[in-house]
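Below is one structure. I have some questions about it.
Going in written order, the chains are labelled A, B, C and D, and every chain counts its residues from 1.
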Amino acid sequence: MPQVITYREAVAVGLAQEMERDPSVVLIGEDIATAGGVFKATAGLLEKFGPKRVRDTPISEQAILGAAMGAAMTGLRPVAELMFADFVSVCHDLVVNQIAKARYMTNGQISLPLVVRFGNGGGLRFGAQHSQSVEGWLMAVPGLKVVVPSTPADVVGLMAAAVRDEDPVMFLEEKALYPTSGEVPEGEHVDELGTARVRRAGSDASIFALGTMVHRALGAAGQLAAEGIDCEVVDLRSLVPLDVSTVAASVAKTGRVFTVEEGPRLCGWGAELASIVAEECFYDLDAPVRRVTTPHIPLPAADSLEDAAIPSVERVVAVVREGLG
Amino acid sequence: MSNDTVKRPPREAEGSRGAEARVEMYRAQVRVRLFEKEAYNLFLQNLVKGTSHLAIGQEAVAAGVSAALRPDDYVFATYRGHAHAISRGAPMTACFAELMGRESGLMAGKGGSMHLTYAKGNFMGSYAIVGAHLTIANGAAWSAVYRGTDQVAVAFFGDGATNIGAFHEALNLAATWKLPVVFVCENNLYMEYTPISQVTAVAQPAADRASAYGLPPVLVDGNDADAVHEAATEAVERARSGGGPSLVEAVTYRHGGHSRADPGKYRPDEEVAEWLAKDPLPRYRTRLQGEGVEAPLLDRIEADARDEVDRAREEAKAAPPADPAHLETEVFSYGESSWRR
Amino acid sequence: MPQVITYREAVAVGLAQEMERDPSVVLIGEDIATAGGVFKATAGLLEKFGPKRVRDTPISEQAILGAAMGAAMTGLRPVAELMFADFVSVCHDLVVNQIAKARYMTNGQISLPLVVRFGNGGGLRFGAQHSQSVEGWLMAVPGLKVVVPSTPADVVGLMAAAVRDEDPVMFLEEKALYPTSGEVPEGEHVDELGTARVRRAGSDASIFALGTMVHRALGAAGQLAAEGIDCEVVDLRSLVPLDVSTVAASVAKTGRVFTVEEGPRLCGWGAELASIVAEECFYDLDAPVRRVTTPHIPLPAADSLEDAAIPSVERVVAVVREGLG
Amino acid sequence: MSNDTVKRPPREAEGSRGAEARVEMYRAQVRVRLFEKEAYNLFLQNLVKGTSHLAIGQEAVAAGVSAALRPDDYVFATYRGHAHAISRGAPMTACFAELMGRESGLMAGKGGSMHLTYAKGNFMGSYAIVGAHLTIANGAAWSAVYRGTDQVAVAFFGDGATNIGAFHEALNLAATWKLPVVFVCENNLYMEYTPISQVTAVAQPAADRASAYGLPPVLVDGNDADAVHEAATEAVERARSGGGPSLVEAVTYRHGGHSRADPGKYRPDEEVAEWLAKDPLPRYRTRLQGEGVEAPLLDRIEADARDEVDRAREEAKAAPPADPAHLETEVFSYGESSWRR
């Protein structure tokens, strides 16, 4: 019987599943052990697997990722938590210059089967330095795989796939989704990286979304359906690898493309997707590609401002309606 | 020189250690304590929506250091920065309003609790990425030297910050360039939930590192405003007279949890009890009274602070929320956010 | 009479012009003073302006940018060199979380009139950690202005504009262009940020390029002209602000869009430009938008590989020819 | 355990300090010296196209430390890493070929001079962002402890690296976790062109920082392979036996410039002369001869190395350039670069 658990709980479920299976899976990060993580996403794992496999670290993000990298190249499968995704900035070198490039620079002598977990995105009124959606930064770097689950089941299944992958996987947990619940399959659950999911089939327009925004896109599609506009909502789930064929199939069907993206406007995944569509699906397009994003601003702290900044159901509805009108 | 934050004429110097100054240090601690308690209440009432990191228990550090500074000195703090903002003159109403996301907030709701900034008081900001502002404080100090003023920059930070790269880079540059910076480590024994001792190679995370930058170790009782003030005065004088930076470690304790509603349960009961007994406020009050300061004067200070806080809270609560019409202002100097020309 | 100088010399010319004018302009960076910079781009400035204004630093990029930021908010106009653009990764926090966001988070209480100079791009066989084009990373961050000059005159003029700007400007000097020469105007030269230049007018296709790639695009346009294909080449010069009106005007004229970009494929400025065109110029487009980029790989060191990786004149010619064919 | 770089059975232990081992240390220095001279020639002939950073003058450090290691220990180096690669058994031909961008290069031309890697010899790479690999070496050491082996990790780095944040984070984590890492600072007195003393708050950039991590200061003559070997042996034993990390500062000098054709003119003539007089090779040869090692044996070592280098160079020169058909291989584990599914 499938269980209903929270997105937050799913993180620990996914990790525990893999840690039980493979003794080379180890966890490190700030406050992840005794405290169970500042998001409580690793709660219970110290108790289950002991301090050798679940380790608290100093506030030293470079040291954390360096440790993960060195361990991965010598036989372990580390999963490192960076807490707030914004903190990737203090260890960006390890991510973009070291972890991403090691296999290529050494012509395959070094493999890095590691996962970096991030608490990603806004909506919690934490302000500009604790609310960023960094998937675009990571997608831009050759050598990284980038995953953003939108449901508890995907957290478990994609986590398992990420841990088993031979390449470094950036695993972005949406902070705003931690308290949300959903069913997860019974027994071992392993998903596949690089596969998008059509969350709602539709024929009038394709809405591509990721993470928290998938739910807003679905909300919008629901409202639009009431007006007789039938939207397809595609949850990309993974930016690298990117499931271009599912994207293209949807565009071929609807001819109208919308992206809903939590990050600021410039150079995010939405830009890349729009450019792919403009290049590869040009003759299927019946109208301009429309992107819904946060404006190109740092995220503000006040609730009234943050709500106005991040794409809302209403904004998606308005843009799609206008785009089809 | 183009930035007008530096043109303000200095107000008269503070920093005397006379009885009056010490009474003012008491007032400073009381004001912060009451502000922080109120901030916590507002959080519990869901009026502070984001996060907040309180300094209850640590007030003596801000009070002791601030009293050693001139108004034209620069102060940099962390996300645990309410105390420092208030100590530099940030109006309480605007601080509460900022915590509650109001249009009248110190930064009109754009920053929130973790980023209080009051440039008018040369309080150059609260920074929420651990360690970053130590390097920025260097810049203000370098600028002061370059401009030929004798301003000093102070950076407050936690014990946990001593293990991040930016700490090391900042200390080395400051020492090499002999910058007028006072680095004040508020060692409250914990990072978020993990004891600093568990993740640090030395016992005193700041003081035991001073020699790595050619600096003498300075360790003070962070629950004693006088002790902090003395150490800070010495460090500030050294900085002002061209002697270079100092690294001061003030050992203290936060009474509550790390942030928001964290009950701080990871700390042994005896430890908490021991530190509550060392609460800087009653301790300082008792000392002042022992030295002849009249109780009614101190009562009065407490009552005034209570009034100020109550008034500020009510004013802030009555203020309208931050206006989405201003969502995109102040990204760039021309006032808005456009990335197009 | 206009002078002919190298792109490398133009850096020092531009800086000297501004330092003479404004005593609050100061320079810091590794080896920039006594050695004149590892690219020799600041040669002579120590001698001219003295050690107070031109300062060598330790290898501490976070401390360098922190110093620049703190100085900028207290009355100076620092210009910090980060040497190889790849090193932005070790001080990414200062760039993306601090410098970019300070004005917004403080609601304008803090101004940061500062410039960060980077030696950007490949072509020098330096390998994956010393060859990256980071303009896309920077463009993605709200609060930063991003400039990439392609000629000595633009280096001088845009440097002056950058130094005079009240906002933080990321100034990307193309390493491959340092030895190239060109005319610079006599006397004080101050250009304007956010203005693209049509380097070659044409009617059949618009090629948008930046920095080193402008010259490749022009080379390709020359070859294509011989085949009767008349290309317009637009040098964007600045990514933020972006001169969308010049872009749109060119697309309206030609209906065919190509971007030539040195960075790897995903989420670069080319993606953003393609997405703008797909959204705002859709009805002007006669064919799919085609992007020429380095493949999505770290840059290799060997000359034979690096030459195959970075867009060449031949590759641009082939893509445009095919796109129009 | 999934990565097969760790499955190799250890070869027999080295590290004896007998005469034979010391003759081998001489050989190690000669091989590196001749390789480096040839690399420089190839650079001048424009056959090495990118950059290269030579260790001429610093050979005693690599030789002394390497002789203290087991084949299954892990070594991490910087862009100035030819010496370390060769010391860990990387074939000279493949090294030259890599420098020249040939298909037969150690990494098939993908890495170049700054990134020599020879995982077969547990030479886990050369890293060109200052400081990063110190944190990575920790990971290899942590993994060794986790896997229950007694492998040790060594990270070589320069004096300049001691001022970057990653150094601090790596040292603190290693000390706190008592990781089996030996951090070897090759203090050659200069960063690229700037003297380390000009930008560092302490006189000995590594040794004077050891106490900040609870470690004893270790300072050795980096131009004396025996001294280096002794310090390294002690540090390696300490690491192997669970005693945690060491920070060894070996003071040395590069005869040439920082990289490529840099003539190193920023250094005073007398200083260069003084250090040339301390050249580790003739010094060591003289010492060995003084202790009774026969000159012909040492001559033979030099001649053998000369032959090896000449052969390797010619083979590498004859090899075809890296094949663009492989441009996009090895980005991901499935062998290619596709970001599409």
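Here is the rule we go by: contacts are C-beta pairs under 8 Å (C-beta built on N, C-alpha and C of every residue); 3 or more make two chains touch, one makes a residue touch a chain.
Values in this document were obtained by computation on a predicted structure and should not be read as measured data.
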| item | value |
| --- | --- |
| Label of the chain whose CA centroid is most distant from the centroid of chain A | D |
| Of C-D and B-C, pair with higher C-beta contact tally | B-C |
| Intercentroid distance (Cα basis), chain D paired with chain B, Å | 45 |
| Gap in Å, rounded to a whole number, between the CA centres of chain C and chain B | 39 |
| Inter-centroid spacing, chain D versus chain C (mean Cα positions, whole Å) | 36 |
| Distance between chain centroids, defined by C-alpha means - chain A, chain C (Å) | 30 |
| Two or more partner chains touched - positions in chain C | 57-58, 60-62, 86, 89-90, 93, 97, 104-105, 127-129, 142-143, 240, 265-266, 296-298, 300 |
| Junction residues of chain B, two or more chains touched | 108, 110-111, 115, 127, 129, 132, 163-166, 169, 172, 176, 198-200, 331, 337, 339 |
| List of chain A residues in touch with chain C within their complex | 86, 88-90, 92-93, 95-97, 100-101, 104-105, 127-129, 136-137, 139-143, 240, 263-272, 274-275, 277-280, 282-283, 285, 287-291, 296-298, 300 |
| Residues of chain D that touch chain A when the two form their complex | 1-3, 5-6, 74, 107-108, 110-111, 115, 117-120, 124-125, 127, 129, 132-144, 146-147, 153, 165-166, 169-170, 172-173, 176, 329-333, 335, 337-341 |
| Residue numbers on chain C that touch chain B, as the complex places them | 22, 24, 26, 52, 57-58, 60-63, 65-78, 93-94, 97-98, 102-111, 113, 142-143, 145, 165-167, 193-195, 238, 240-245 |
| Sites on chain A touched by chain B in the complex | 30-31, 34-35, 38, 56-62, 86-87, 89-90, 124-130, 265-266, 295-298, 300-305, 307-309 |
| List of chain B residues in touch with chain D within their complex | 163-169, 171-172, 175-176, 198-202, 208-209, 211-215 |
